[in-house]
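All chains are identified by letter, namely A, B and C, in their written order; residue positions are counted from 1 within each chain.
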Amino acid sequence: MSGIAQGCIYGLIALGFVLIYKATEAVSFAQGELMMLGAFVGLALLTALGFPFFIVVLATIAAMALFGIGLERVAIRPILGQPVFSIVMLTIGIGYVARGGVTMIPAIGTETHTLPVPYKDVVVPVGGVVLAVEQLVVIGATTVLCALLYLLFRYSKAGIAMRAASQNQLAAYYMGIPVRRLNGIVWGLAAMVAAVAGLLLAPITFVHANMGFIGLKAFPAAVVGGFGSLPGAIVGGLIIGVVESLSGFYLPEGFKDVAAYVVVLVMLMVKPNGLFGENLSKKV
Amino acid sequence: MNDGPMLQAKDLTVRFGGVVAVNRVSFDVRRGEVFTLIGPNGAGKTTVFNLISRIYQPTEGEIVYEGRPLTRVPPHRIASLGIARTFQNIELFEHATVLQNLLIGRHIHRASGVWSDLLFTSRVRAAERDTRRRVEEVIEFLDLQHHRDTMVAGLPYGVRKVVELARALATQPKLLLLDEPSSGLNVEETSDMAFWIQDIQNELGITVLMVEHDMTLVSRVSDRVLAMNQGEVLALGTPAQVQSHPGVIEAYLGTAEDTASLRSAA
Amino acid sequence: MRFVFKTTYDQDIRLAQHGGHLFWYGLLLLALLAAPALVSEYWLAQLTFILIYGVVGLGLMLLAGFTGLFSIGHAAFLGVGAYTEAVLAGMGWPFPLSVATAAALAASVGAIVGLPALRVKGIYLGIATLAFGFIVEEVFARWESVTGGNAGMVVPTLSMFGWRADTDQSFYYVCLAIAIGATLVVLNLLRSPTGRAFVAIRDSEISAQSMGIHLARYKTLSFMISAALAGVGGALYAHKIRFLSPEQFNIIHSIDLLLMVVIGGLGSVHGAFLGAIFLISMPQLIALGKDALPAPIGQAPGLQAVVYGLVLIGFVLFEPLGLYGRWLKLRAWFTLFPFYRRGMFKRQKAFTKSDRLR
């Protein structure tokens, strides 16, 4: 069960990068740090300002969305058009700044903080099994979020526009699609998803500056699911989460940490495009 | 030296899913001739090229080059068999100079392996000098001296097409595949291209297989023409024969009724 | 302004293209040879690190900058070289033999890591190398019988055939010799058909194939040579820091290596060393500047991360050609003065076409 919940978190983070990748073909290594920032914003709103929990959730999501849009405007937009690798390095840089910057805020420093969520340590007996509400919340929230995103991409003009822009930016410009504004929205969305992941993860791992490293496990999730596929990201995350949890249980120590990476390597050798990935090759 | 045709395509068929891109196409290319494929866009001409350079695998049919089938040859072995090609959308090495692009063209003629390269032995040095000399010959043939040390990324389109041609020539091919050599070129550049194709045929003795849309160029340099439409062969013969073939005219211009109505409207 | 008139092909092929090259690099060489006499012990140690990281950087530059294959787990090769050297030196093997073995072992791991490169490209390859990086780090931690696991491993002094490099100076000269050797080897590679094949693969795989370049073979070769260089660097690294533990070769270290080649200037040999200079001197500069900043910023443990991040972002946004690119522009400004125009090195703004269709 905890494997599934963990898998949902990986899936959410992976969803964030797949969103950005699908729309702009940029790969963002900053998703983990965005998640961490989301958790801290939630923490600040909850403890420092004392807002009720539900408001905090909405406020955090909104704040992070704005942050995502702002980030895109300032840092990502200028390098529109540069090779993928530059963007990767840029987002790595952003990650560094976020990690270091957060520790500079006096109240936070390098300690671990707890996010007091109303459902912490609550357990619920379901059919003979005792489940932690924390984990149920994670799974539930993930499902709701995915449903919303699905509707967005399938039925809204913005979603289709994003898909067009992701394949050929220049053509999208010519078609009147406001590519730059869309990119901003995509980053905002990705940041929102990361914020949700952060709030969900906080009760499980506590809130601290290095929380973002979990984001690295989300890459295998995205690859397993197929990099261009949104449902794939979630499925990939779930697979990784479950495999990890099982290896922690059945295999000797140490395997749990590398399980995700072994899975991704196997996937790349067997089916490089992932479970739901696209299979495109260049036409010469 | 065999007397048969240099290249034979036999009943080539390629299907991508439900789409038949090439349908039972057969033709012969004779040694020393300039053979051109014409046809509207989507006729399957570049697909045929990609079959010869082994980027695609035919669903049916085969290609025989100098008496040997190409069916199992991997793409990187094509160059050492003496087949070189240019690409429709220019696939040059953008972050290298023109000279470096051409030097890479000499790859199949290299005389050293990794270990000697690492140490840059005198044998490697001598091979480098020889490579450099041969590349210079190609540069002179195509008048690229001016651009020798310029990064490809900074060159105008017309020059890049010439560099693409130069790079193919640097491999010292026996058969040269030119994919739309005059596309994007102005009248003067196309005229230069025509002269070069003739020189390639007469001075260098290279057989040329070409895809082209510019009919003036086609008539000027081709020995024989193959017209394709929708993946199938329409006509084969001299340029004059093919251009007056009714099926070809229909494919390009529409039926006689269509052209009649155009004429009356004009 | 210098005009180079060439009359022989050798002038194109030579490493030193003209007298100026010989002069300045000769001067550099003399300065490096004299360094132990000129600088304090502390700076000599830093210089030694620069040389070591330069060698590793050459490897990564060859792989990422010249062949276009991005390796996000490169510290793994560094680690393989380091641990191999530590173990063999501990068994009494002479240095030349142990470092050659370290390089060979790193190269074989490189060949394995390179296997995904034969099937996938771009970011997928990056993730595969990331995955390998984590796995190798975990192997170092678990294989306690050989590596001492998380408790770490002590590294004996560099020794060969009776001679021991037990002073800072002697070790420095060993590193210098190896750095010069590695640089010459990479320069040789780049002016030969093999090096050109790497560049071809970077710029257009399809054309490279049609020029007769066997993609799988050359990609694997690039990984192997790059890993071997990292392995050699790792062997030297082991002797320098005298104590190894698995977390020294983690993802952060891999990213530091990438940072180094990107900031140095992708696609240039100078970039490897400029990047190494940056990597080693940054912490010093931060330490120096710390006191000038207000207390909560200056004393924060995250300061280094923030500075690194900002510098990286700055370079990607404003100076994609890295330190070497900046140096070229500076030099052009001086030599062309007053004719230098701002747009001279301007890269054409291109709209990305989908990489998935590449």
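We take it that a contact is a pair of C-beta atoms (placed from the backbone, for glycine too) under 8 Å apart; a residue touches a chain by one contact, two chains touch by 3 or more.
The structure presented is a predicted model; accordingly, all values stated were derived computationally and were not measured.
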Centre-most chain, if every chain is reduced to its averaged C-alpha atoms: C
From chain B, the most remote chain by mean C-alpha position: A
Mean-CA-position distance for chain C and chain B (Å): 41
Whole-Å gap separating chain A and chain B, where each centre is the average of the chain's CA atoms: 48
Between chain A and chain C, centroid-to-centroid distance (C-alpha), Å: 32
For chain A, residues contacting two or more additional chains: 284
Overlap residues in chain C, where contacts from two or more other chains coincide: 206
Residues within chain B bordering two or more other chains: 55, 87, 91
Complex contacts: residues of chain C adjacent to chain B: 9-10, 12-13, 185, 188-189, 191-197, 199-200, 202-204, 206-215, 221, 225, 267, 348
Touching residues (chain side chain B, partner chain C) in the complex: 53, 55, 75-80, 84-85, 87, 91-96, 99-100, 103-108, 110, 112, 114, 117-120, 124-125, 127-129, 131-133, 136, 153, 167, 171
Chain C to chain A touching residues, read off their complex: 64, 70, 115-116, 119-120, 122-124, 126-128, 130-132, 134-135, 138, 141-142, 206, 251, 255, 258-259, 262, 296-297, 300-313, 316-317, 320, 349-358
Contacting residues of chain A [partner chain C, same complex]: 25, 27, 75, 78-90, 92-104, 106, 109-110, 166-170, 173, 209, 216, 219-220, 223, 227-228, 253-254, 257-258, 260-262, 264-265, 268-269, 272, 278, 280-284
